[in-house]
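Below you'll find the structures, each written out as structure tokens.
The two complexes that follow have subunit A in common; it is paired with subunit B in the first and with subunit C in the second.
Right, the complex of A and B next:
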């Protein structure tokens, strides 16, 4: 197929302040990334990355972000991400940083990775948890996700086969 | 660990779980619109996957199953209990064909046509529109040099039976001597010729036209005996049938339906079909496919012959209690094939052989053809048959059907044409040896076929029925052929051979105008029903090319005759046709994107898809009235103004209704006299003219809401056609004009015509002076003075250009679009008020289409820089003439106005402008009589 090939960067926003995550917004995020690229790589880098750059997915609760850019210049974006140190929104400044989890060629692979990653995170949380009530709540969500997985297992496998 | 962190941990876990489920959903959904098996990698694909779900990996089978159930991928549903082989089996196929014929009537040649033609459903029939092969030019060549064959069996036939006087009296109100010969014309009444005329509603001439028909009278056995019951066949186009049938029924006072033999035969047929239809499925279910013996099965299924859509309960014949006239509808009871072109003689004489006379010496065992044996016992009829045969043989020596008197009828009884079918398709060529018999040929050409020879048994319903029923099937015939001792030798059936009564009718080709007279003439062959294919194939094996509806349109266009029903705007069928055509064209226009279609508003075309005749004639009438008053005073030409003044006292003519009605009565009773009156009308104007004038005036007075009508009075048309040409240059016409006693083109004459036909249209033919080919709905306009000047300076001047018009609707449409968009946006926000918002844009959409004039049309004549005169209804490049030719109607008022204002040398020049162009082109107008 003839198409523009993209790279998708699956990142996680890490911040101490939970309000930082909630104030996340695709316009704010894209301007933030653009500014950072311009700062780090100059005008050429900004121009090269601005083609096809987009925020494809954003989850304010978990802080997961999916960025899209052209395959040719994804390294410029990638290398610029560590230089983001704070998020500015509505006059507030939240110190934070981006943790790149995965770089994929399609949204679908990123989604699959995210499923795996989240599952792993939940299990780690379950292991480290000491409180009883807390433990129960986490157990519940883990089983829910697992049940869902059971249901969709055939479908998922199909999707894997599709890829 | 603090409490806040604990709480975040649980929410954190919940958020993760929610994300997992969302991601799972997204991943499992199929995003592309390809099929499931198409998403598999190539090495995992298998050939049968597309139709067999089990070929897929098991995990994909469920999705694939869902996909296969969608309607798009469903295969066409065949009848479930029959396999392909069973469907192809003869019995089932006949059943299926019979079922499919229930809605639309199939001609007998339907299957043949369906394999080779683009079929259309029209007028309740399935008809071949045009051949699938590229054959426009080939068909034209066949018409001019060879032979074109058409199946016109869809034409309807009405039969009138009764006393001659009664029929003539009843029908006299429906036609007028003005338009030509009536039912009472001498040649037609004797049964010698076919006549053609235009029917009107009773006593409504010249308005309320019903349509053109052709008619033939059955010849009298004993000439001069008026008490004998006569038969009259009226042939007409299926679109006109309903109106004309009703009108004739009313005119003859035929109200009581008659159960005729035709009606009884049908229910039996359908009953047996239904029975067998109900029986068959039972037999099939659950059993092996082996069919039972035919002996057990009560009756073999009959093919539908004739009209399959007929309701057996409805009457098809009506009788009048007072006059005894019986009207019956013989639609589809006969086949009518038309052969056009000079080779039709040789094809006819080669394909058809006259029946052999049954001699007494032969074995008189039971044959189904009793009627022929009976006939052969009578020496008179045998000699008649021989004479018919001799005349038919003579036809082979005549080079073109045009040489024979127009409308000649020849009856004949012929043998089965399938028997001497050639092995291969060949081309029949005229046989020069047959031309030897010059004396007889000359006599035939001069006198036509004698009256006695027009007799045919096809007029007799019983014989036709027996002929249809006793036809040897193709299968039997082929079996007999295969059993011949010497393969390929002539099959001799002897007395078992079918004898088919047929009727040959000569069709005059181009009878109007001066050039190419007799072009497109040919023969019509009438056959009893059931015999269509038996004659069709032999004709084709002799080299006839078959044409469809398009070819018949081309034929009538090159003949410059109006095409039924499109070129009869004043009859109900014509109006219906125009409406339908406009609807289709509009639909087609709307299918294109707005940027890719002509903006007719900017082009100044008010009605690109239909011709607003009513408005055109109204406009011209009001123009003429408005023109009259000021022009009398300020006329540049002294003479003309004098004439105009003089016409004023002339206009109110003395009325003598009594005398006129007397005249009509005598004319119809004595057809010879009627013709004389007609001739007199052509030679010297004053006497009969006043009569017709009065009649017309009375009619005009009677019909207060004076409707549209088409001028068909031959006398007036002749006069107009003489005026149309450039009078001073054409010496021949100039010489002839005074001899005929033609009136000059004067103001007085014009006004007298206009008084009678204030809103009339005239059928004109136009030939382009320069390049280009006109299309339908092209506008015919009056050239201005400067156009003539420029044409005079430069003979190659191709015509003026219309300036671009502004489009007042464009802004409105844009506004509407904006509004719609805004509404949509509003609707997307709060989804509260669904009802009213939904309805509004639909109503708005109907009102305006970009590029079309909406709302009532303004004055059509004055909309463009050149005054509109009329519209073209048929137009194309004419291969017969070699330039673009068009046929159409112009307003009579406008035509006279234009002719009287043009200089004599350039009289009859008009401008043509296609609806999608700004360029005018010069054309010469001609009226052909």
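Right, the complex of A and C next:
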């Protein structure tokens, strides 16, 4: 009833350079987003967004980032993300941009979306891959994810049947 | 709208004729009523010295004045709100007073950034906002006595 509500922004870091994603660090990212908000929305925006701001999840291999912000000011954060054009690490500048995939009220909904998104991405990767070894590896992961999906569904049905 | 007190009006100490230009902000809300720009005059500075400096002898031309306004909004609200279409309708260099126009969604932002603007090139200064109205005509007259300047 009386609690602080947050919005979780699930974003993907897209860049040409493969080293860009590997150099992602939560402190670097947090300072980058805060500086961008200060530039785009001024002192007011920087103060409003930095209260509940946190980087909750970061995957350097896929470039998936989960940002948290307060519900009242999540639009300020969201609108500042397209203004991030490069990532700076140890003097190297990598051009990149942030793609917002999902906005959720809880981490759980973002996780559900991320699982579905990854399944779809695996299928796309399967279509686009050229190497035979890669193809087998991706097919194995696809079958495993399908099995997990069926297990989840049967688990839910069993739970419903018990009730 | 000219009443019997026309002559008295001219001699009135509170509405000096010489200082016609006042900082007024006219606000227009965007596209809410059938696509018409709904204007709301923000404020009119009628008294002399719409902008006051602590020590005199500071001159600003219109371009510098606008630059100052935009930089004030940019400090507080960022680049996005510094790009709001702000117009200076009139500007008087002697009294440093002006009539500004802005859309009504930007009124609060402009007014708050004017309030929080403290200095220009190291010199302390203050903005005084006298009148706000959606109609430019209202700024040139006194609506209580129904007399136009």
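The working rule: the second predicted complex is superposed on the first by the 143 of 163 C-alpha atoms of A that agree within 3 Å, B and C clash if a C-alpha of one lies under 4 Å from a C-alpha of the other, contacts with A are read in each partner's own complex, and residues count from 1 in each chain.
One rule holds in what follows: a contact is a pair of C-beta atoms (placed from the backbone, for glycine too) under 8 Å apart; a residue touches a chain by one contact, two chains touch by 3 or more.
As the structure is a prediction and not an experimental result, all values here were calculated from the model.
Novice: Could you look at A:119 and tell me whether it touches subunit B, subunit C, both or neither (first, second, both, neither)?
Specialist: first
Novice: Would you check which partner chain A:42 touches, where first means subunit B only, second means subunit C only, and both and neither mean what they say?
Specialist: A:42 sits against subunit C, while subunit B stays out of touch.
Novice: Tell me the contact category for A:4 with respect to subunit B and subunit C: first, second, both or neither.
Specialist: neither
Novice: Answer with first, second, both or neither: which of subunit B and subunit C does A:79 touch in the superposed model?
Specialist: Second partner only.
Novice: Between subunit B and subunit C, whom does A:131 touch in the aligned arrangement: first, second, both, or neither?
Specialist: Touch status of A:131: first partner only.
Novice: Of the two partners subunit B and subunit C, which one touches more residues belonging to subunit A?
Specialist: Greater contact footprint in residues on subunit A: B.
Novice: Quick check on the output: what are the common subunit A residues between the subunit B footprint and the subunit C footprint?
Specialist: After superposing on chain A, no subunit A residue contacts both subunit B and subunit C.
Novice: Per the contact definition, I'd like the list of subunit A residues that touch subunit B in the complex.
Specialist: 18, 59, 61-62, 64, 108, 111-112, 114-115, 118-119, 121-122, 125, 129-131, 134, 137-138, 141-142, 144-145, 148-149, 152, 154-159, 161-162
Novice: What does subunit A use to touch subunit C in their complex?
Specialist: 38-45, 79
Novice: Applying the document's contact rule, which stretches of subunit B touch subunit A when the two form their complex?
Specialist: 1, 6, 8-21, 23-28, 30-31, 39-40, 44, 57, 59-60, 62-63
Novice: Where on subunit C does subunit A make contact in their complex?
Specialist: Interface residues on the subunit C side: 73-81.
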